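We just call them A, B and C in the order they show up, numbering each chain from 1.
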Amino acid sequence: MIRFTWLQFRMQAGVALAALCAFAVVLVVTGPHLASLYAASGITGCHGGTCATAASGFLSRVDATSPYTLMYTLGIGLILAAPVITGIFWGAPLIARELETGTCRLAWTQGITRTRWLVVKLALTGLAAMAVTEALSLMYAWWADPIARAIGHGGTISSIQFTGPFGLVAFATHGIAPLGYAAFAFTLGTATGALIRRAVPAMAVTLAIFAAVQVAVPLWVRPHLLPPDRTVVSGPSFFQAASMSVGTLTATTVPSRPGAWILASGPINAAGQPVTTAPAACVGPPPASGKGAPTNLGACMASRGIREAITYQPASRYWPFQWLETGIFLALALALAGCCFWRVGRRRT
Amino acid sequence: MIEFQLDEGSGVATYVQLVQQVHQALRVRMLEPGDQLPTAQQVVAKLAINPNTVHKAYRELEREGLVRARPGLGTFVIRPLSGTDAATQARFLAAMTDWLRSARLAGLDPDDIEAIYRTAFRACFAEGAA
Amino acid sequence: MMTAVIETSGLGKRYRRAWALRDCTLAIPAGRVVGLVGPNGAGKTTLLHLAVGLLAPTSGSIRVLGASPADGPAQLGRVGFVAQDTPVYARLSVAQHLRMGAWLNPNWDREIAESRIEQLGLDPRQRAGTLSGGQRAQLALTLAIAKKPECLILDEPVASLDPVARREFLRSLMETVAAQGLSVVLTSHLIADLERVCDYLVVLVASRVQVAGEVSELLSSHHRLSGARRDASSLPANQEVIEESHTDKQSTFLVRTGDPIHDPAWTVRPVTLDDLVIAYMSRPANPERTHRPRLEVTS
């Protein structure tokens, strides 16, 4: 059965391999240059406050070099899309096509039981889907390593494109989370295929459900997996630094907690009540460079007793979150696989 | 070796047709004692019929004492069709001719004679319907 | 004493509201070529799918070659199946189908498979999706035969074949039966084909078994009686009327009886398999008629 599954899967595996190779080539061609930029930025061997500045300098240079920001974003997009692509093209037709074309009547009257047939097909193709997504993620992590380290040293940049591994969107593309997403998308595809019994509608439904999950989990599920930390930051230096967004008065990094994931932040007054806008007196003309806070903002806010309250998850919790989220998706994948076994069982008409 | 035919529309059972064809072949001396009958596989390859039908026909012939199956070798004719010496045949031919002549003189036409013959034949040999 | 190839007891299968098969009790002896006839939707495919384990019964039980269908690899290896419309993997070649057979079947005989393909003139590298209907049917039959089953179950294998392809298929099938001594169960609409190859018949109409038995027994126990006009109820109890037709002076009955017919008022004629099957298929559905004299052969 293993050899037969491979026979049926060969073509799709070839396409995936070609895509992986193309991706690898692009990364290998540009990776060393990125690494050399990092080496030249002086971050290695830095200490204390100079690290953040050096890192930010490196990030701005990367931002300025034309293909890198595009590659960074596209890379994340590809890793986010890979699970659903394998789910649609490998998962949905796995059972549905056999039911549609009637070849299940041939497959299930050979010399192996339906259980064995399904176990081998699900395991082989599912593991391949997980491997492809994880391979993309690992290759990309190798390439983006300099950027991740720079952010780790406290480097920031006003454009939100470089968010680091704990970012809302990027989290699913790092570590072991891609395995969970890939397993979930694949078994979602096979289960909808088994229930709907037609490949193309199953592909559409899988896409819809997975897209909804991919949006919902970072926004509404992940924040609640572990209780967050809270801190209140005061002092003129905070509001003065480029570590907050002036328009909305929300923090973009947590001081002395580089790489943290900010769930919510907002200014509060001395009594602890939220402040919706900066007092008019504090918001003077913007500085000549156009970036950063108005020159008197920090002192002004501090004199009024306005501080910033931040709810966040520290970077040290990154791996617990990875395990939790991956675990949840693997459990869902197992449940969906169980659903396939139930549906393929004798009751089908 | 004898080659069997199948007459599908005749209403006669297939195995009976095979038996009759062997009888016919024996009568005209196309088959002699010691000759081998085709194997079931050979008959089936030509006629696309059920091999059990062939076995049934050969068992019937064996029951009549005309053939014997030798395991692993085939089915062989062991004796010719009995009672076909020319004198006996001539005697019955003469009796039949006389009878037909008197039937015609009595006014029976060919269809009446046919009906009488078939009724008597059926009653005598009782094949098929009880 | 031969064991039964298919043995059912009160077997039934229901989908939502309708019963596809009901009260099916059969004991089909092994070593026969069994014809399963009936109009479309009568339950033939349902019965076959129950026999190969593609469906599970709603009521009653079924045993194939003495075991539960599809009970494990051993049982799956004893039964060869060709489904309706002979499904094959369109993108795989003929040779790849044979490799599938070798990988998935414990008793696969490679020589039988390859010599059959060669005899049939199929190109091993040709994709199964581009084969003609007759070639696909032969490929499917090869897959079923080469696994060396004890029993072959074929669902309308020749339905969409032209006469030449049909004859070839049946010839090929009968040669295999002669060589390997298998039991075969096949469904068909074409009674002429069944007459050539079947020695056991099951007639299924409106999800119920109407009659089942050895063909020779059925032919010798059914008669066409014609004579003066009379009512069906005036016939003796041991003669079951299957079909009747009347003119103002004459009545003709197709009856089934185990006893000889002595009444001289009747003209008795034998019944062909064709007439017999059509008579049973045209009988109006009568759900009370569940107990009929059984004429199963016990030899």
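Please note the rule applied: a contact is a pair of C-beta atoms (placed from the backbone, for glycine too) under 8 Å apart; a residue touches a chain by one contact, two chains touch by 3 or more.
None of these values were measured; they are calculated from a predicted model.
Which one chain sits nearest the middle, judging by mean Cα positions?
C
In terms of C-beta pairs in contact, which of A-C and B-C ranks higher?
Taking the two pairs in turn, the one with more contacts turns out to be A-C.
Using mean CA coordinates as chain centres, what's the gap between chain A and chain B in Å?
One centre to the other, that is 88 Å.
Just how far, in Å, is the C-alpha centre of chain C from the one of chain A?
Their C-alpha centroids are separated by 59 Å.
Go ahead and note the Å separation of the Cα centroids belonging to chain B and chain C.
31
If we count contacts the way the header does, which residues on chain B are in touch with chain C in the complex?
6, 8, 11, 13-14, 40-41, 44-45, 47-54, 128-130
Which chain C residues qualify as touching chain B in the complex?
Counting only chain C, the residues touching chain B are 31-33, 167, 170-171, 174-175, 177-179, 192, 195-199, 216, 219-220, 223, 259-261, 268-270, 272.
Note which residues of chain C are touching chain A in the complex, please.
It is residues 15, 52-56, 70, 72-73, 76-77, 79-81, 83, 85, 87-90, 92, 96, 99-101, 103-108, 140, 143, 147 of chain C that touch chain A.
Can you list the residues on chain A that touch chain C in the complex?
Contact set of chain A toward chain C: 1, 3-4, 7-8, 101-103, 105-114, 346-349.
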